[in-house]
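Dropping the structure in here first, questions after.
As written, the chain order gives the labels A, B, C, D and E, with residue 1 at the start of each chain.
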Amino acid sequence: MGRTKSNSIIPGFNLSMGITIFYISFIILLPLISIVIVTSGITWQNFLDTVLDSRIIAGYEVSFFCSFIAAVINCFFGTMLAWVLVRYEFPGKGIIDGLIELPFAIPTAVAGISLASLYSPTGFIGQLFAPFGIKIAYSQIGITIALIFVTIPFVVRTVEPVLKNIDPVFEEAAYTLGASRFTIFRRIILPELIPALLLGGGLAFARAIGEYGSVIFIAGNMPFKSEIVPLLIMVKLQQFNYGEATSIAIVMLLFSFFIMFAINSLQAYQQKIVQGGTK
Amino acid sequence: MYIELKNINKNFGAYKASNNVSFALPAGSLSAFLGPSGSGKTTILRIIAGLETPDSGDIFIDGQRVNDIAPAKRGIGFVFQNYALFRYMNVFENIAFGMKIKKVPANKIKKRVEELTELIGLKGLENRYPVQLSGGQKQRVAFARAIAPEPKVLLLDEPFAAIDAKIRKELRQWLKTTIKKLNITSIFVTHDQDEASEVADEILIINKGRVEQSGSPLAVYKKPTTPFVAQFIGENSLINNYDIFKGFYRQEGFSTAVIRPEFISIFKENEEYKNAYTTEPGIVKTVTFRGSYLEVIVDLHDTELKTVWPTDREILHPNEKVGVLIKKMYLVDSANIREVENEALIADNSVII
Amino acid sequence: GCKSDSESASSTQLVNVSYDPTRELYQDYNELFIKHWKEKTGQDVTVTQSHGGSGAQARSVIEGNDADVVTLALEYDVTAIEKAGLISKGWQNKFPHDSAPYTSTIVFLVRKGNPKNIKDWDDLIKPGVGIITPNPKTSGGARWNYLAAWAYANEKYQGDDTQMKDYMKKLFANVLVLDSGARGATTTFVENGQGDVLLAWENEAYLSLKEHPGEFEIVSPSISVLAQPSVAVVDKIAEERGTSQLAEEYLNYLYSPEAQKVAAENFYRPTDENILKDYADKFDLNMKLVNINDPLFGGWDKVQETHFTDGGIFDQIYSK
Amino acid sequence: MGKGSFTKYLLITLSSIFIFVMLIMPLMVILSEAFKNGISAYADVLSDAFTLHALRLTLFATFVSVVCNTIFGLFAAWALTRFYYKRSKFLTTLIDIPFAISPVIAGLIFSLTFGRIGWAQPILNIFHIKIVFAVTGIVLVTIFVTLPFIARSVMPVLHARGTEEEEAAALMGAGGFTIFRKITFPHIKWALLYGIILCTARAMGEFGAVSVVSGHLRGKTDTLPLLVEILYNDFKMADAFAVSTILVLLALILLILKNVVEYKWHSAKE
Amino acid sequence: MYIELKNINKNFGAYKASNNVSFALPAGSLSAFLGPSGSGKTTILRIIAGLETPDSGDIFIDGQRVNDIAPAKRGIGFVFQNYALFRYMNVFENIAFGMKIKKVPANKIKKRVEELTELIGLKGLENRYPVQLSGGQKQRVAFARAIAPEPKVLLLDEPFAAIDAKIRKELRQWLKTTIKKLNITSIFVTHDQDEASEVADEILIINKGRVEQSGSPLAVYKKPTTPFVAQFIGENSLINNYDIFKGFYRQEGFSTAVIRPEFISIFKENEEYKNAYTTEPGIVKTVTFRGSYLEVIVDLHDTELKTVWPTDREILHPNEKVGVLIKKMYLVDSANIREVENEALIADNSVII
């Protein structure tokens, strides 16, 4: 598809590539070096002790588990929302459409406080569950809810355009072969959505792992139970221990990066099925 | 009759996409809807399949009225214009899809898919994804997918439109023989008359939502019954002042003449020719090589006429003087058609006799 | 664009990096000080306030926030700035009372009528009592909460380490939510109705009473800790900006009677004994308050080392 | 294709419930808290000089970030989709980093780079440049945190469309800017619009990263989200939520602007 | 020579997309690159336009070496396969684009666009956007856009590939006459030999990055010089055991025979025929009506041969016994080609003489 840089007739390679590389270097790579420099200030042993500490590991477990669940739930509801927004006309659609970006605009702390007050055992929603012994706020459920809130836009806004572009003829083809509406969705539409879902879900997951502000108010922060990794980084920082803080951060970063990479690879594979070869 | 449509009407807004369409096709027949773009071919096909609901009229398949039967229950296979192969399924899964939906046991599915890949000549490619197939292969997979659940009727919307010229010709033959072998009642849509002629037993000429004429390709070609058909079929020359040609006279109401290439005979100057009296002198304008014959445009009384010339006769050259004989023509007005012979020729022949 | 604040040799702009929640205290005090400085030197001075978590604020100064003075929740946080080379050694003795112009202590906030009848630290470890306190590891201020309990345990078990730790374990076993900051804990207790008792700074407990009159009561335990928010001039920065004198006077004036009254109005205990007595109806003066430099604690460095460092006593409480 | 109105209404209902529980109810909490002390108290908070300053700073940081990221996003999308370049994939992955990094860490790395203990400090000192704990730092981290949005939304469109139209224009001698303006832009404008919306929303609401490099200087480096946090920690819950409603309002304005642009573009052509 | 390529090589990785390509085309000529998919036709076209840089070799336009001249300065008009019309510009803006870039005054642009819309028969549709045009109309707009800045050379990549069969035929003629009228040196790419034959003065057969043969369509058809060309051109029957036919003998090394439809003559049983001695008895398998002639498959010694039958002769029927005469065939091996006449026929004729 692409032409080689040296002989492309389309102008602007040098300028645009120059700007891209400069910008990425200055805004992303330059600061990112610091994380390595700071971490290199501590010994290898210290690094391992820090990142393999049982409390930290418990934190990773909580963070990854809740982020994963939140991403999965958002993939489900995000797809549903995108579907409803693309396929149906109904009163109030504009409102739903407009609210999708709200979680980005509201400061995370405000979101956290509001959610905590809604879901605490005396809160509007929490009290519905309290009689059954279900504690939403101050537990992993609460963390998950906060994470769902902050990552909604990712899934909806990545799936929406793809859904818009799916050719209805695929659905008709399956329809004439006797497929039910649900089968059509599962076997025909879903595979088309999967790259977008992977991307949206992956972004949501990566963002959720790093989320701090909205979570701490609803998490309860009980060690080994509802302590998330970003909180543990704050603990290190509270002790002015930059090296250990960045150690944990590096592990998190690598993990998120690995997820993104895996998603990109999966997407490339999917792409290959659809577009073929190296094109 | 196996498929029968009675007084089908379908409007899109004020536009009559199907205008009182009625026809009947026998079991096992292979028919073509032939007509210009936008004439309503796809619409009729989609109505039969149940993808579109007619505003009025009845659809019968095998004697049963199917208007109220769900599309999937009508026993119809549909091959879409761009195949609509499921991109994320490989050849096997595509072909198996309809059977899986019907909960056919896995081993039976496997057997049937094997049978079908054999039939379509794609054995060994079961694991390929659509993108890894050529246009012709995709077309055949779409075909196999449509017939896998053993439908009683097969509908194909422009099955060859998206394929290269060369492969298209091969596929036509393949499709024809395969459908005949399976003995499945089929209709396909095309706006290419060569294609319709070559593949179909019967063609239905569609124009402006109506069926203009139907019959065997040769019959329709040889005996057009409406002005539209006369003009639409064949590589015709359309002439208004047709009475300038020897042996033809203006006839009341008929404003246009349609002349087929084979209605015209050309004679080189050095050839002796039979109907010397009726032959008029013309000049060759262009000679174009068209694969296996030459297309010749001759100028006769300042009117350009299109005819053909075989490759094995001595070649014609532009500006060459030739003898031109018009044997017959169709005269048409807005609603009627009349076939007229060259009167001079009739006279000429009778003289000899 | 990159703005570099171009300060003249002797600036009249002062930056006070403080902690939460001292916004209103310093808003009032700044007014007082500006007037004072005008009277004294004829100069107009502007004071920029900065508020945030005490530890995070200290870090921001270390990382480049140009504070002329810091007024933080803990000596420990100020020491961290000192260690970064921005504050000269011995700053604790530069101003009276260990450079802590006002103090506070840790009290209990309970619901109206004190339904669980919580009177002292002993009542906190009873089964069924839900405690809300911020996490000492993420909130500097919350370390005082922990230390107050430790002071009580020390007194009760007369320095028996095992029993003291056992008490702490029981106490934290009753903790329902470990918020990351003092305000989060207050919200959990006050707005979201969690727990029976909130361990809080006295001034924050009063702020809650003010916001929700008639819903809560303050219970002063028999023994608590003397929470000393520390103040210091950030010498290096002040010198660079030429504000040393101004900064010093800014902190010094905190000890003036007028300023002490402002502190008391904002629910901090004045260090000026006379003024403190004026507010005897407000502050329970009968509590025994243990100083951080008491042999029990041995200063912040030691406290940090034994209690709050990773694997320290606090972590042991929660170890599995 | 059938009616399926049951499915339709089921899905609409489920979506509405989800939106109601997850978005509208928290919004109602914010509003009820904001107006707890009455309208006049609310008005007082909003007209406070520090609030207005924070609003200006937020708008400024958002504006600069969106402009920078739009320019970058367009150039990056152009560079990475219009040419074959060996390291394109690597660069594309780099663009994702800000999404994969915790905002607090994002702030910290800037602080540890350009701050007093940062390795770049000696160089900055020479030129008397102050980056973190000043407006510059706030803008920089906001740019960082929102960097991927625009490039990420534009690139797929450019990818999918191929390069033929651009080649055709270039062949006729059109320069880069003309090609972009006349040929490319109309194709990507919708994706760009949505990217800008997301970028703006996120830039306005960013707290974690900005908090680290702001220094919280009242009336100088406090953005709206930071002000919310400070008021909240100062036991001014109602004030904090009142300030939050400004952000809600900004989001609303954003939505209206989006609809206006959509309407204009729709009615302009086709 | 107007366009000349000398020893052009272009590799994509290890793949030789152009393999030592050299040719020269005279001014005002209309040539076609004809070859199978992936043979490298587009690559050569793009190299001439400057959209691709050759690894080695020289390109001359009007005697000037243009390798180092910017694409936009080469004076080339390019019609892309899918037109690449600017979707967000209307017909007028699309056609005017190149002139606007060249800062032609607005009134001149207006005049030229009017001229061109007149030429392409789209007067009145200037305000339409590409989506509102049919395939053929788009094609013509792309054409007008390419010629608007009055290029010296016009390159067209598969100009008809995306158009309906019927319209395609009309467009071919239109394009041919229009280009001739404009007298602009043009090359177009196709893999349809009918198209190449019909439109081009000269065709260049491309295979595996090489030019296999070039010449006028009829010349190439009548005298293929390589095995590839013999097989690629024409609707041939390929036969291995060619020595079963009377008058042909196996020749060392030549494994395959290529037989064109017109190499075969068919005689009905009741006809008297000239070369009775050399004619063998065959059976008609299928007769297919193909527009203006019938395609006949006859079975001769269990081998199927394809030939044609005119519509005006008495019709042939499947299973009819006929006389079959093979007049000549091409014998090919991997590198050589030999034309052989029916020896019996030569003998037969000489007998008569």
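Before moving on, here are some points about what is shown:
Convention: a residue touches a chain if its C-beta (ideal position, glycine included) is under 8 Å from a C-beta of that chain, and two chains touch if they have at least 3 such contacts.
Since the model is a prediction, treat every value here as computed from it, not as a measurement.
Chains that count as touching both chain A and chain B, per the definition above, are E. Across the two interfaces under comparison, A-E and C-D, the one joined by more C-beta contacts turns out to be C-D.
For this pair, chain A with chain C, the centres built from the Cα atoms lie 37 Å apart. Note: centroid distance chain C to chain E, computed from Cα atoms, is 89 Å. Once the centre of each chain is set as its mean CA position, chain D and chain E turn out to be 55 Å apart.
Residue positions 1, 112, 114, 118, 167, 170-171, 175, 229, 232 of chain D each touch two or more of the other chains.
The multi-chain contact residues of chain E, meaning those touching 2 or more other chains, are 50-51, 71-72.
Residues of chain A found to touch two or more other chains are 3, 9, 113, 117, 172, 175, 234, 237.
Screening every pair of chains for touch gives A-B, A-C, A-D, A-E, B-E, C-D, D-E. Contacts from chain C toward chain A in the complex involve residues 53, 55-56, 58-59, 62, 80, 135, 137-140, 175-180, 184, 187-188, 191-194, 304, 308-310, 315, 318, 320.
Remark: chain D residues 164-165, 167-175, 178, 182-183, 186-187, 269-270 touch chain E in the complex.
Residues 1-5, 8-13, 15-17, 19-21, 23-24, 27-35, 37-38, 77, 80-81, 83-84, 87-88, 90, 92, 94, 96, 98-99, 101-111, 113-115, 117-118, 124-125, 145, 148-149, 152-153, 157, 161, 168, 171-172, 175, 181, 203, 206-207, 209-213, 230, 233-234, 237, 242, 245-246, 249, 252-253, 256-257, 259-261, 264 of chain A are the ones that touch chain D when the two sit in their complex. Residues of chain E touching chain A in their complex: 50-53, 71-72.
Only residues 37, 134, 164-166, 169, 191-195, 197-198, 217-218, 221-222, 234-235, 260-262, 288-293, 295, 308, 310-312 of chain E touch chain B when the two sit together in their complex.
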